[in-house]
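Both of the next two complexes hold subunit A, though its partner changes from subunit B to subunit C.
For the complex of A and B:
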């Protein structure tokens, strides 16, 4: 273990080793999750060498765990990475103002980032709350089709409600800070993403280089993006800006490339057959045909920017995230909630506006909105009018008298929840009792079993699990796990891993259950779909607030947040996967008289297997992202190292933990990835 | 017809897909192999295999074959949308293969326009802007090209639909847009790549009528790709029948139906109602004593199906008369032999395989 002071939650748990029976339990759960269609007759199993190999590896792990009872990474095999990182940090701090790399390159980035965010913020400030609200409403209205039709009015109303509630909650000032940062970050991220997407969409060589990079970036937790830039730019807006742009640009790039590559081949050929030059073809056919995908990319980039800008409050983003961060570190739900609501509303407003613009493209009757040269001057004039009006009546900031303080009542409610529902509820127990029980009877056994297994046995199991995806994956997985051990973070990483596995099992049980139900019962699907829509747009940080209210922190709270965060994606992929199977196969089964269970077991689940594997993969990635953030609310393990490293300026500690998180992310993704064959099937 | 200068002249054209494709054309060893064997031995697919033909001015030249016979590749080679592997290709005597980028672009913009099986319309543009697309690429000003496009749209029966988006049109209407887009640039040749196979039979018939009408009115040269024999027979002045990349037989519909070059073609045309394709010139027998002087006169190109009616009315036989001279006569036996398909073996004339 590293020299960092052990985390309090970690200390409290009983450290005595469990016997092998627990290990057995845990491992079966794990293999089931990764290889969901394993059960079958023994003969079939024997004919499948990979399954046999996996069983053998698991048996070796269990037996070795039972025999040795302790499997920590050997101290001789660790490498001290923290001191060089500390040295690097010291060197950077000393040279930040003098070294040419900074003088001629990095300082330009950081200065222009800072000044443009400041600039946008002062524009927002000078518009005043009336001007900003008018602008937001009109932009939403324009995106919705700029008319009196329902979509335009609805998006406009969403914008109005968003900004009014933000003002009422007294969150105007921080919301404008967040918005200023967002505007700059989204503009740059979308531009960078679009350019990379153009490169990847038009050149096969670029695509070959960029795609694996984007794939990998997508599975890394947002948390791990923060530290490297703090190292370079120190805490503050520039780090936030660069981290956000790098985190949020890939979806734009990926979808742009996808759109350009997926453009209707017949239309492109028609364009060529009429003698279009390659530039004409790009501008008149290829780009317009990719518009829808690009807009989807912009939507995702915006949502990821918001998520990151809020999360990056840890490295000095300020704004709404900072309010939440401060409140969470003192476990003050009442203080966190207004900022949380403001973030949620911003997310809904941004999502609805971009989604409306996307629907607008689809809508055949959309051609009839007024010309842009009528609309835009009108919008600008209205915004300016609003700003001037605000200035004239002397109200630029949201008036103090128009705010509603909800912190006090919220805290009263939270106290009541903790008092009344926390423990001592007859029969049921209560949330705090559950939380403790879950930590003691689920997370601890998993962790102890992982710790009891010798390191080489874990490497073996991980390697064999990755074999399904291919040899490259095996190498990645084994190296990642070995790197974790070599950095001396073996125990802490397994602690994180145990939370991830516990959360994953719960997520998959719930997600598959709800997903199957929604796929079979139309009404359920109709009810949960809007809920899923909203949940999927929420920034990660937000999920910590309600679980704090219920479980008041700790590992169970982190796991609960992770489950809630990952659930929508798992449910959605499961439902879609089951619905999209060949209807004639299901019809054939039904015509042969198959019952509901038979249809599900024999037709729907087997055919939806690629989708279910994808759901597992997504579940793992999303769960990990939240579990590490959960370090902030007492989840401990790697997440708390990152937070502590940031808080104390101990970048050696934070960076190693960050690297371990990256390794863990790669490991979990490669293990759970659908096999190459399955991917092919899902794509075709 | 052969007297006029050919629009397209294609000689020994090859298109081979696969690694080191250049070595296949002209290689005696590979030439003997079947498509399957070639793929096994070299990893290459010869989509177009040593094809030669001329397309004459004003004719409808149909290339027909089953899927995978190379016909779509062949038509794309004509404007080098697919680059031929080897061979010679001229348009109006000008070497197309030797054209540089700009020259080729000129050819595509002004001289040959194509109609596609899957329409290839731009969904974000209105019908009018889709029709005007080719003109826009040529650099024509907006009002000018829209006026021209409106004219052409009306010509193909799209009047009133100009402001719709392609997504709001039926398949037949969409293909009319595709046709109008090709016509708008006023090309010398229209290339059709299975334009109607995605449409349902009734609409397909409508569209075929439309093409026949356009051809009658404007006399534009057309190269028409299809896998539908009836369509080929309906539209084609001459038909090239393709199989495995090569032309198996080239001739008028009548020649192909009456004189199949081999068993493959014979099999292909087996179900064709022969009386609707074969003329009395082919069905007649020499006039015997005195028959040449009296009786109902028919033109030599009269179809057997029409002759049946005439013979039935006259009760005996009809004369086949050209320029006042009796060429021969047709009676019940001759006409029935055509309907029954017995005339094939009796025909002494050698078949004109791939005659250019």
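For the complex of A and C:
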């Protein structure tokens, strides 16, 4: 029997047998397939000093927590940072209109930002809805390669659908406000990013200085740095603009540098041997070779701009974000949805257009595009024609009769869900009951445990956890935690941390589950992929609204929003990681008779470990971003301090909380970071 | 060679776009907008205040031909926006940022008072009537500690949970709890809607709760809350804030205008100074927005249609 070729029946019984017996043969499969030595678990542990150290640290933490029962940061180790910040705040408010720093520097930034956004908006307005739609469609068509090929027509159709639906939903004007701000912010962010990327790509010293800055920027929740800009630039477009540029420039810079550094040595050599000067080499060889990465960077920059522009409605960005913000203050899903759809459509349009431009670069048949001096005047003429046509027939604004009100039916559905699923569902209990249960049995125990652990034990555990990533990480982690304590935000930060951990556990359980399923079953992946695409483009804000309706305000609601937000990235990375495994390893395991579960446990998961670790890392960063925004829906802790600081213009309160969030971000990122090599592999 | 050509194409396109930007930017700078044909009103996050703004917008756009922009800004930052001219008027202020008010109105004189809105605001602590009926003693703050355990939640540990105000609202609750030595923990509800949702859910299930609450508030027409008596308000009992141990004062809600707008704003400024309505009227519009989920403009239009006699008095005399 055992010699028979594997057939389904055999495989099934075989799996059961193996599952039941914790066995040597299982390990054999692993050894063969994963090609790594595997001694017994205890021996392996003993051979790994870091793991022993971690266990020791955790034991110390548990014992000390049990003995002391309270681990508050000692009061005499805190530093008063709020009073100097409050003084600074007062100085800023008093001097904002008179001090030379503002008059000769910041005010210029502020005015140019404001006037260029206004300018773009008035251009869009004067083009009218017909002109704007024509322009969007033609640009998409051009990016797709022009002509009548499928890609060009498809991107053009996406653009047309986007603008038509935005108009139909009655979101035309706010969408144009958002678009105007986007155009200016993206242009500047891409320019700044490209310049920084050039510096980092061409000079090793710049690279050494800039790299850690970009790394840190990536883990900062956008929310935490709105406040300083509000104080410098006041509420309104300039603050939004500066915050957005700073938020969105790093990916462009990072990918530009990557592209410049990754250029094919042979091509450069060839160019040098032809006698090109270094400037010529940059312009004719290195930059063109880096184009693909730069476009990818532009794509990411655009997406980040969009998400920031929506979030920044809190500091007066206006546009679609404002609609969503208003909806949040009345928990009006019906009002939020059209604006949310509009944002998602804009994101899809921008994403597809830049992606098409990227594919176009790859496409060898791309040369057939008509000459630019035919094409561009043609496009400009068509747009002008559209604008004039609109003006002639007197339709510049989207006609009101052409809008469809979806908010009422949506609200009816939401009301029903809230009423029926809130509580009293037989057996299951209902969402409100779950919410309470989750707070009681998951978040509270985590928080209590964290609060009960002495501060020095937490520092110890965090430090040991970071050891895996390197000594620098240990220093960063310990300093971050100490900074939190020194600012007197120990308890509040641990409250936030407990929510992050609770959300992370749920995200990973769901994300790995769905990710594995999608990696193994083609059909599942096909179904969820578009869903993930859309979920990833949704701005952070939108998730807050439905969760209040379902879970009532509070920490569970914040956690739920965070899970929903972080899930797509985790699922995607997991799926990719598992898919990318060398098929021969899997084949080998299969030929040895490993069942589905075994293949997964013994081959796929171990080999996909770098990807899974990256998923954890991404998950942590995304979860933190939302948990702090959750302060707006009752999540409390650091998030609500930032909101209060923003709302009351209180720098002392908002800024310290913001710094604490940044510290938490650094801490979580460094602890969960995969090694550099693993990161590169998983991203490629 | 195609590379360089494409780069040139991109460059030309980029320069063209930038040029357009620059041109339009200049164009935008040269045309100064006259304050009276386009104005911006700040809208804080509570629904009552949105009702003011939506109604003002509808009337001004219909009758005065003034385009009105509504910008969602919280109470304290609205003062900053008025100060620098990014917004022209606040229609409802609860006196929650006395420092900014002093700075801009008295010291810098960039903001001027616009008179009463006609609505008197009252903030206090409230419990639901069904609970107060069963436990009459709860309505005095002195006895609150006896009932604190009834308000316990997953969030508050051994203490009672107090549903707190949204971050931007005027509140001394934190100091009150401390100074009156109450066994309560404040839940930071995050925004008004979240607080309302929670109150509605608790009310429906007849659970006990205690909350920061205020009038005018449209929800008061739907639910019956009883005020908890705090030590009586006396002039100066909330100065400094941290020493507050008394009830909130009644606040006649105020309007504020940007100083330049007040002077040169013409009909629009005149209208805003005249705008004055009752608590009932505000609640009617607010309820249409928040409970019936009508859009702001729809709710305002319905009210405007039905109450011509009220708002005709606000229009500037010709």
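Convention: the second predicted complex is superposed on the first by the 628 of 684 C-alpha atoms of A that agree within 3 Å, B and C clash if a C-alpha of one lies under 4 Å from a C-alpha of the other, contacts with A are read in each partner's own complex, and residues count from 1 in each chain.
Basically, a contact is a pair of C-beta atoms (placed from the backbone, for glycine too) under 8 Å apart; a residue touches a chain by one contact, two chains touch by 3 or more.
Just so it is clear, the model here is predicted, and its values are computed rather than measured.
Once subunit A is used to superpose the two complexes, subunit B occupies space next to subunit C without a clash.
When the two structures are aligned on the shared chain, A:267 is found in touch with subunit B, with no touch to subunit C. In the superposed pair of complexes, A:288 makes contact with subunit B and with subunit C alike. In the superposition on chain A, A:548 contacts subunit C only, with no contact to subunit B. Of the two partner chains, subunit C is the only one touched by A:334; subunit B is not. Counting the residues of subunit A touched by each of subunit B and subunit C gives the higher count for C.
When the two complexes are overlaid on their common chain A, residue A:275 makes contact with subunit B while staying clear of subunit C.
Contact with neither subunit B nor subunit C is seen for A:626 once the two complexes are overlaid on the shared chain. In the superposition on chain A, A:571 makes contact with neither subunit B nor subunit C. Here subunit B and subunit C sit at a least CA-CA distance of 5 Å once the structures share a frame through chain A. Taken together, the two complexes place residues 284, 288, 367 of subunit A in contact with subunit B and also with subunit C. Only residues 93-94, 97, 112, 115-116, 118-120, 122-123, 184, 187, 230, 234-236, 283-284, 287-288, 313, 315-316, 318, 322, 325-326, 328-332, 334-335, 367, 372, 376, 407-408, 411, 422-423, 432, 436, 439-440, 443-444, 548-549, 552-555, 557, 630-636, 640, 643-644, 646-649 of subunit A touch subunit C when the two sit together in their complex.
Listing the residues of subunit C that touch subunit A in their complex gives 2-5, 7-9, 12-13, 16-18, 20-21, 23-29, 43, 45-47, 50, 71-77, 80-81, 84, 86, 97, 100, 103, 153-155, 167-168, 187-198, 201, 205, 289-290, 293, 295.
Partner subunit A is touched in their complex by these residues of subunit B: 79, 81, 105-110, 113-114, 116-126, 133-134, 136-138, 163-165, 167-168, 178, 181, 185, 191.
On subunit A, the positions that touch subunit B within their shared complex are 264, 266-277, 280, 284-285, 288-289, 291, 361, 364, 367.
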